[in-house]
Amino acid sequence: MLYFSDLLQYSDTFLSGLRTTVELTVLTTILGVALGTTCAAIRQYGNTVSQRVVASYVELIRNTPFIVQLFFIFFGLPAIGMKLSPWEASIIALTINLGAYSTEIIRAGLGSISKGQVEAAKVLGLTFRQTLFRIIFIPAFEKIYPALVSQCIIVMLGSAVISQISVADLTYAANLVQSRNFRAFESYLVTALLYLGLSIILRFVLDAIGKRLFAYRAIK
Amino acid sequence: MSLVNLHQVHKYYGDLHVLKGIDLDIKAGEVVSIIGKSGSGKSTLLRCINGLEEYQQGGITVDGNEVTTEDIQVRRLALSVGMIFQNFNLFPHMTVGENIMLAPTIVLKKSKAEAEEIARAMLLKVGLEEKFDSYPEKLSGGQQQRVAIARALAMSPKVLLCDEITSALDPELVGEVLKVLEQLAKEGMTLVLVTHEMNFARDVGSKVVFMHQGKVWEEGDSKTLLSDPQTDELKQFIGAVL
Amino acid sequence: MIQFSNYDIISNLLFATQWTILLSLAAFIGGTSVALLLTAMRLTRNPAMQTVVRIYVELFQGTPLLMQMFLCFFGLSMLGYEISAWSAAILSLTCFTSAFLVEIWRGCIDTLPKGQWEACRCLGLSFLQTLRHIILPQAIRVATAPTVGFSVQVIKGTALASVIGFVELTKVGTMLNNATFEPFKVFTLVALIYFALCYPLSLYSKHLEKKFNVSR
């Protein structure tokens, strides 16, 4: 038998966990995409050395599990003198993780912009910065936006792991509740559905932002 | 004796009424050219004849058998109706020989040796016997279309449907494909073509069907119809394409 | 307290790596099998079956893998189905893997022109014959690179099995950390081993993709 009513008294715990997860997601999505954009620009237009550095960062992150990255940052870095709170460690780990994946995605977008666009901007006297921000970024992002949105959702779902360094997120709440009332199945099921709702909402919000961002299409 | 018969065929795409009561009778050995502007429903009509498209009213029979889109019906139909497409639809991962042998072996259950014999004979017919082991991507468009014809012929169909089969070809390659069709017509094969090749329709075809706004607007003997059109629409159409 | 030399740490980690590899293989095999089944269901064009597949994908792509593992492990045993950490890990990783692969493969099948299906219908091939002789051989060529690429995600996903107590590379890493108090060294080594497992697959996937694009 399932007793979902046993969960009701813990709704505050769930809500505060949900808030933590949402806050972290908003923060790291912004930071991660910003990091990814910077790295993608370096990877595409930078000098050889900086390109190599970015490529190594991307490959290192993409080929190791997030939980190991998190443990390395939270447990490993203090050992060499960088003390971090669980909250700080989580933000750094999530940002670095999303940054690496979005670098690859955004770079594909930058690569899809034809050379002619850059040359046309140059001929018109735009500086490199102006070209990047006014000519290249919008169409490049438009191309890869769906992939970027999916990646942001994957990272949000991956954030469940930070409960393991006792950040009081949604998963942490689920663990807490089930340790109190021993209703593991109900507790985890409700939490899974909350995550499902979050991923649907996140996709909806990011799609809406995309529509605003690429509104020039609608004018045509 | 009619081979293909359409009786009051209506077809809708949602609210769009694309075929508005088509009656058509095609006898064995006839070469029927269906002409008309794009959007007049001529390709749709062809695709209804071999069950690729559903129709909502009326009836179609091929060789006495009712045509429906039921999977099993389409498969039975495939034994008497061959189809050639505008963009060939050869299977890129198979050689020319394998393309042709596929259906005879797995649908007609012929032995490999038998199927190969058929395939080589059909390739000879379309003048590509040396391409048996080539892959489609190595061939020109005209050659690919001739392979597609050989592939359809290998199932010894009673009627061959051709859906704008020269439209995707470079102009200099159109002739080689039409020559194959002409040869088939001479051998008595029943052909139904949706085409823009008016010369071919007049010189080789026995009958022309002019479609306009989802209806058979005018039909008749190819030479008389094209030289002496009765309706303004057909006059206009002929004036535009010639 | 027992002293751990570097040799001890590395040999323990390498031993645990075997379990990571084994779990990855099991999850990958399970995942591809279920994904094949789901792909077939989707291709039948039966609306009910397609809906089932869509909900499956939405459910397992839209929830954290960690939560799926908790549900399998703690949840099922609370409902009276005793299940080992090993089985729970395989079960949840299979669901996770198949939900992603079925979507990846759908993309691959969709890139094949519709004319291929139509040509087969006109030649009288049945649905299964079309699938076997025409669609699958072509789809497999397109799908190999992204599938190999996804196997990296599967290997990384196995790290979460440590949380439900399955003793693999990450779990042994945390255990060694608790015993040695040398987190920097231990987790660097753990990360390097994962990298050594995953990076060759990433490279191979890229290589396949390039090879395929050239041959087209």
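First chain written, first letter: the chains are A, B and C, and each begins at residue 1.
Following the convention adopted for this analysis, a contact is a pair of C-beta atoms (placed from the backbone, for glycine too) under 8 Å apart; a residue touches a chain by one contact, two chains touch by 3 or more.
The chain lineup, named per UniProt: A, C = Amino acid ABC transporter permease; B = Amino acid ABC transporter ATP-binding protein.
Since we're looking at a predicted model, the values are computed, not measured.
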{"item": "Remotest chain, chain A as reference, centres from CA atoms", "value": "B"}
{"item": "Nearest-to-centre chain - CA centroid comparison", "value": "C"}
{"item": "Highest-count interface - the chain pair sharing the most C-beta contacts", "value": "A-C"}
{"item": "Length of the line joining the C-alpha centres of chain A and chain C, rounded to whole Å", "value": "21"}
{"item": "Chain centre separation (chain A, chain B; CA means) in Å", "value": "54"}
{"item": "Centre-of-Cα separation between chain C and chain B, whole angstrom", "value": "46"}
{"item": "Contacting residues of chain B [partner chain C, same complex]", "value": "50-52, 71, 74-79, 81-83, 85, 87, 89-93, 102-103, 106-107, 151-152, 155"}
{"item": "Sites on chain A touched by chain C in the complex", "value": "59-60, 62-69, 71-72, 75-80, 153, 157-161, 163-164, 171, 174-175, 178, 182-185, 188-189, 191-193, 195-196, 199-200"}
{"item": "Complex contact set, residues of chain C against chain B", "value": "113, 115-116, 118-119, 121-127, 129, 133-134, 137-138, 141"}
{"item": "Touching residues (chain side chain C, partner chain A) in the complex", "value": "58-59, 61-68, 70-71, 74-79, 152, 155-160, 162-163, 170, 173-174, 177, 182-184, 186-188, 190-191, 194-195, 198-199, 202"}
